[in-house]
Amino acid sequence: METTNGSLNRKLRMALCGGGQGAFIGRVHATAAVLDNRAELVAGALSSDPAKAKASAPAYDIKADRAYGSFQELMDKEKALPADKRIDFVTVATPNHTHFPIAKAAVEAGFNVICDKPMTFDLKEAEELQKLVEKSGVVFAVSHNYTGYPLVRQVREMVLNGEIGEVNAIRSNYIQGWLRTRLESSDQKQAKWRTDPKQSGAAGAFGDIGTHAYNLARYMTGLLPKDVSCHLRTFEEGRSLDDYGHAIVRFENGALGTVTASQVSHGRENDLFIEVDGTKGAIQWRQENPNELIVRRNGQAHQIYTRNGGPYLGALSTASSRLPSGHPEAFFEAFANVYRFAYDAMAKRAAGEKFEGRDTIYPNVYDGVEGMFFIQQCVASSKEDGAWVPLKHASARK
Amino acid sequence: METTNGSLNRKLRMALCGGGQGAFIGRVHATAAVLDNRAELVAGALSSDPAKAKASAPAYDIKADRAYGSFQELMDKEKALPADKRIDFVTVATPNHTHFPIAKAAVEAGFNVICDKPMTFDLKEAEELQKLVEKSGVVFAVSHNYTGYPLVRQVREMVLNGEIGEVNAIRSNYIQGWLRTRLESSDQKQAKWRTDPKQSGAAGAFGDIGTHAYNLARYMTGLLPKDVSCHLRTFEEGRSLDDYGHAIVRFENGALGTVTASQVSHGRENDLFIEVDGTKGAIQWRQENPNELIVRRNGQAHQIYTRNGGPYLGALSTASSRLPSGHPEAFFEAFANVYRFAYDAMAKRAAGEKFEGRDTIYPNVYDGVEGMFFIQQCVASSKEDGAWVPLKHASARK
Amino acid sequence: METTNGSLNRKLRMALCGGGQGAFIGRVHATAAVLDNRAELVAGALSSDPAKAKASAPAYDIKADRAYGSFQELMDKEKALPADKRIDFVTVATPNHTHFPIAKAAVEAGFNVICDKPMTFDLKEAEELQKLVEKSGVVFAVSHNYTGYPLVRQVREMVLNGEIGEVNAIRSNYIQGWLRTRLESSDQKQAKWRTDPKQSGAAGAFGDIGTHAYNLARYMTGLLPKDVSCHLRTFEEGRSLDDYGHAIVRFENGALGTVTASQVSHGRENDLFIEVDGTKGAIQWRQENPNELIVRRNGQAHQIYTRNGGPYLGALSTASSRLPSGHPEAFFEAFANVYRFAYDAMAKRAAGEKFEGRDTIYPNVYDGVEGMFFIQQCVASSKEDGAWVPLKHASARK
Amino acid sequence: METTNGSLNRKLRMALCGGGQGAFIGRVHATAAVLDNRAELVAGALSSDPAKAKASAPAYDIKADRAYGSFQELMDKEKALPADKRIDFVTVATPNHTHFPIAKAAVEAGFNVICDKPMTFDLKEAEELQKLVEKSGVVFAVSHNYTGYPLVRQVREMVLNGEIGEVNAIRSNYIQGWLRTRLESSDQKQAKWRTDPKQSGAAGAFGDIGTHAYNLARYMTGLLPKDVSCHLRTFEEGRSLDDYGHAIVRFENGALGTVTASQVSHGRENDLFIEVDGTKGAIQWRQENPNELIVRRNGQAHQIYTRNGGPYLGALSTASSRLPSGHPEAFFEAFANVYRFAYDAMAKRAAGEKFEGRDTIYPNVYDGVEGMFFIQQCVASSKEDGAWVPLKHASARK
């Protein structure tokens, strides 16, 4: 809940792309971005429909003169503003197929970017975007928001410190039920674009939430993947993309991972659930109950670590908390943690200081590339009945 | 996550009293107050120490000219500002003994107030404050923040609708452990004032969290109390106020309630836990897992209601949610719900419209009075070994 | 799952009083008694109706010549049998008002006794029974079966070893819902006698399950009580005995305890739940999930001890388990643990060895006396609006 | 807790093979078999070592003249006894590699059999055993004991009744940790034979517990499998068999299933956990908390069914319970339910009545065959990197 941005000593200025009427994640971004009072939302291109874009601005408290009719207008006009007025970063919270052009324009304009996931429509775009980011030197974060939970970061710290030994197995599941019926036949905007291959990309549930489950496994453990065998299914007849899928991932160190994603499991809400088995300990974490982490070791009582629970927790985990333990933090706060640590880099950049671009705490463009590679390879494997296909992309970081 | 304030059509302007370095709840107020983008923090008297007050302002993004050295200065200067600049409301987040003078000054200056709980230092102050509020016609909310949880409001809706029949029994518990040692001997600011009768009031744990537990029972059920028998204890030697207590409340309708509060239960974090037994159903809710509500009826499968879980929930509960079910909301969001519904009244007042002052969704000055009466009567009963003393105050509302 | 009885080297011979058609607890006793293959059921007086008593025998595999028409006949005839045929012990599983005459007859006949709780109809009978037991030297156990759970015994070991320091507070609750309606108006045998003051005794829910909750608190902590303030309620109109009650117990060491019992909480099954706060740690245990015990200490991760979970558990707890952890044990096995440890004493007695009569692992006649005193004093206090009445009986053991 | 065996009107007589010193499951069988007082253990061949076999008899209360030195002696001698003395059935609770010869001898001698799982050492034996059983007409049950849990049977009833619609996905997991170290290097008998391919068979963890997980999925849903892709791993260096494995099963109706088994997950005890997704509802059940079943449907509150919880449960589930809800039943009682329903068939056979041999409530020889086929095909698939191999055996029943 800091309000300072280090030596920058001012708030960062944000523009939002997406978030118009019927949108969900745009508002989440806007709320999370300012939770710690380190940024202010000053501009937006809130819809691909110019009229709607402008009409949506007041609800975000964006002034009329910075409520743009298109993302291109946003980039052009903001770039033309004086340095002490123009935005510092753009949040891209539009349907998947438009991430790339918007992010590209932002990066080329020299703006930092927070991009929703999956990062682009396909791998090609992702790889191009990576190059553009590297060239421009902007800060680029991808909102794999679940990495922002303090106890998720605790696991990463523990695994990298060797506290649970060598990782042998990972079981990552993301189970939802809201697409059990063909909601996309109604006017439900969320369902519509997510099940449309032209907007969502090559995968449905696996692109939308399977990538989160895979990213979480990668983030928690730092293990590098070798190959994948995947099985996608469409259980609701007539749907164009998968609504269920299961992948097996072989990691370079010999560990075996599984990634399961469902959007057709009745009554299941947002059950991202992961287990990691190491040679010295095992952990278990569930997003719907995010303030608890279960740590087990043979012959010992099971342990429940709680968010901000005490000195037994690592520094990063504690620094990612705002409230005392028992005062639950949740989705917004985790989301805000992605922003918060990206802000540190943005503030440094703005102040002309050095900042980390690759081994960041928050997910970045490299993770975004890897996510797109994951989708591409899963779809490819699934088409061949689960044949093994390589999963290690050159961009993969520990 | 609205940003509009109805026909008011602008953000409300907030001043914060308290919240300087070492404070906890001031920052929570500041964060919750703007979560829905319906208010902005523009002024403050952040500490009773003028220098510290001013030094703390940048962290809240308060400009120097509105960072006041005392609450009196704040009231005077703000009152003198033109109507389109001056604050709409004051949040009082200081130690208990200063709530009254600050709130009084704000009310007399015509500002709306959000006051932390317990509302005042003693009942006399509370009753006086009630009269001042009634006279001035301001909006006055008390931050019994746990009433802001959507599923708490769901229970209130259910009970008032008769869905669980006549209430026979309530068991409300608030169990913490952080004062198990004499933390107040160290420099811990939170512990220091809470255990000091001159700052905290007549009760320690019972004033700090017992009032929350009692308020929650009253809020959920609307039952009016008759009398109380109370037993306060101080288990940490040398402490001046109770750190554990238990009260039995007899309600007018014959129901039996218990209120238990502890701050010396090892490892317990913030475990506010309540059970309500009605003739047609029973409910159970736990603050540390706030997105679930258990509803039981004999002969039927137990039911778990989840926040924003579907059409089976009441309108108020659903309106108090921001995210889809499974995307957990927590402490900040509940806190913000107290603000959010108070904003509706403030916006109406500012727009010259009628608004509700007594039977509000958010806790108000009448609830604040009742809380102070509860503390006074519990302390009185405890001094006489648990003798029955009246608990129904004239201010009590259903 | 031993089958030996130490140097006795044969199975113990059991007689059952009660357990005829429509009974519940008689069959539980019969099952638990033989679970470890250390006893065999050879005789019975299964009903107060001689014809029904005989008719019920085959279902227990009791031969016709030892299926007696009355408990008196049972005692007379069994006593007359040769030593190598006659029973070793009598289990008393009849409605409360008949416990005393049966137990008395058994004790006077020199048979060991396992008696259901509450031990007798009133305190006077209980005290007389204690004297008879002391005089006769038989083994006498009372089936406060919840003390048989391995993790309950673990708590007792921990508290007596000082692992959680001095106990300050105990909260013991036993919540059921099955008497929410006036089931006793139907033919339901269980409801009928439990709500009839002539069969059940001075208390209803508090006698039936409040005693369990109190006994569990006493068993776990060994704290000696000083006095009690109690509030009994009858929420189902027309019922003759309490169906809800709450007692506050002050212990000699200054600890504050609460005991809550309900049989009118919708959908609640058999929720015996206890929390103990010590100066060095706190514990929490729930009967409906008996294979887990939560242990907490400030600043440390919470711990979940599991039944037979490893070397961190005490010897008594481990010795009270039969299956590896994760293979849940439950109600029958806990019940059998009361028998199992009573068998050790019975086998010693039969072999002419010394055995412990007072400080036993299983609940005994002294605990039974105390239970009756608890009921008597709770009823007395409740009649005077919760006046404090003494609770320390001369029989109380640590 | 009946004691009658229908028109048979006497107890069934049992012989136990296995169960000598250091054994675990033999004692479990012996305890479960008599829990309902419908059988008595009268004979045994408790060890492959004749001296040990005889020495172990008293602990089971088996008389010396029926404590045989070998299973062959048991069959011969028992067969020679008069009809009113000889055993009715043999329980086979020895290491896997000896199941077949013992079961074969028993079947050929005309005795009913309760055989531990996996049923035989390999598929060939299993298929031969099936033919022998069909020829002899004996009752043959396989102790897939988890099918005995009342709420597991509830799921089977619900799925077969169409209450959750068409099944699309099954996720079955069986996670343990006890073989995290090479326990087999010590004298631990359980670890030794389970990790020895000569005693255990072609698979380790997958044979030991993977089969349970697969069987549970099959039992709950009745879905017929099509093919399987499997990945076995040995994470403890030097171990001869798999200690971790994951299989994907494609069912004939298009459903996708996964089966995961681990014996190297730190601190995990016996976590058999299954989720089934249907078009109309989804269920979730966990063996370590077996008295609860979670049932979910979109738009409705989640439901927790409890064992014996009320009229909303099916007849079979209720008939498989012994105690009221809230009085937990567990491992022994579930185990006993396999026996209990097999006894019905045995009693009918003994009384010369017709009985069901194939579509039984308890797992039978056909399920045993299928289990062996599952192991064989999983091992085969795993050897080819997860190639798809057929999984439908001619013996498979719905």
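The letters A, B, C and D name the chains in turn, as written, and every chain counts its residues from 1.
Everything below uses one rule, namely that contacts are C-beta pairs under 8 Å (C-beta built on N, C-alpha and C of every residue); 3 or more make two chains touch, one makes a residue touch a chain.
Nothing here was measured: the structure is a model prediction, and the numbers come from that model.
**Student:** Farthest chain from chain C, comparing Cα centres?
**Tutor:** A
**Student:** Superimpose the Cα atoms of chain A on the matching ones in chain C and note the rotation angle, 0 to 180, in steps of 5 degrees.
**Tutor:** 180
**Student:** Could you give the separation in Å between the centres of chain B and chain D, each centre being the mean of its C-alpha atoms?
**Tutor:** Distance between chain centres, rounded to whole Å: 56 Å.
**Student:** If you average the Cα atoms of chain C and of chain D to get two centres, how far apart are those centres in Å?
**Tutor:** Chain centres of chain C and chain D, defined by C-alpha means, are spaced 35 Å apart.
**Student:** Cα centroid separation between chain B and chain C, in whole Å?
**Tutor:** Measuring from centre to centre gives 44 Å for this pair.
**Student:** Considering chain D alone, which of its residues make contact with at least two other chains?
**Tutor:** Each of 178, 268, 298, 300, 302, 306, 309 in chain D touches at least two other chains.
**Student:** Can you name the residues of chain D that touch chain A in the complex?
**Tutor:** 164, 168-169, 171, 173, 175, 177-178, 180-181, 229, 231, 233, 235, 244, 246, 248, 254, 256, 258, 260, 262, 264-268, 275, 277-282, 296-298, 300, 302, 385-386, 388
**Student:** Any idea which chain D residues touch chain B in the complex?
**Tutor:** So the residues of chain D in touch with chain B come to 295, 298-306, 309-312.
**Student:** Flag every residue of chain A that touches chain B in the complex, lowest number first.
**Tutor:** 1-4, 11, 24, 27-28, 30-31, 34-35, 37, 58-61, 176, 178, 268-271, 287-291, 306, 309, 322-333
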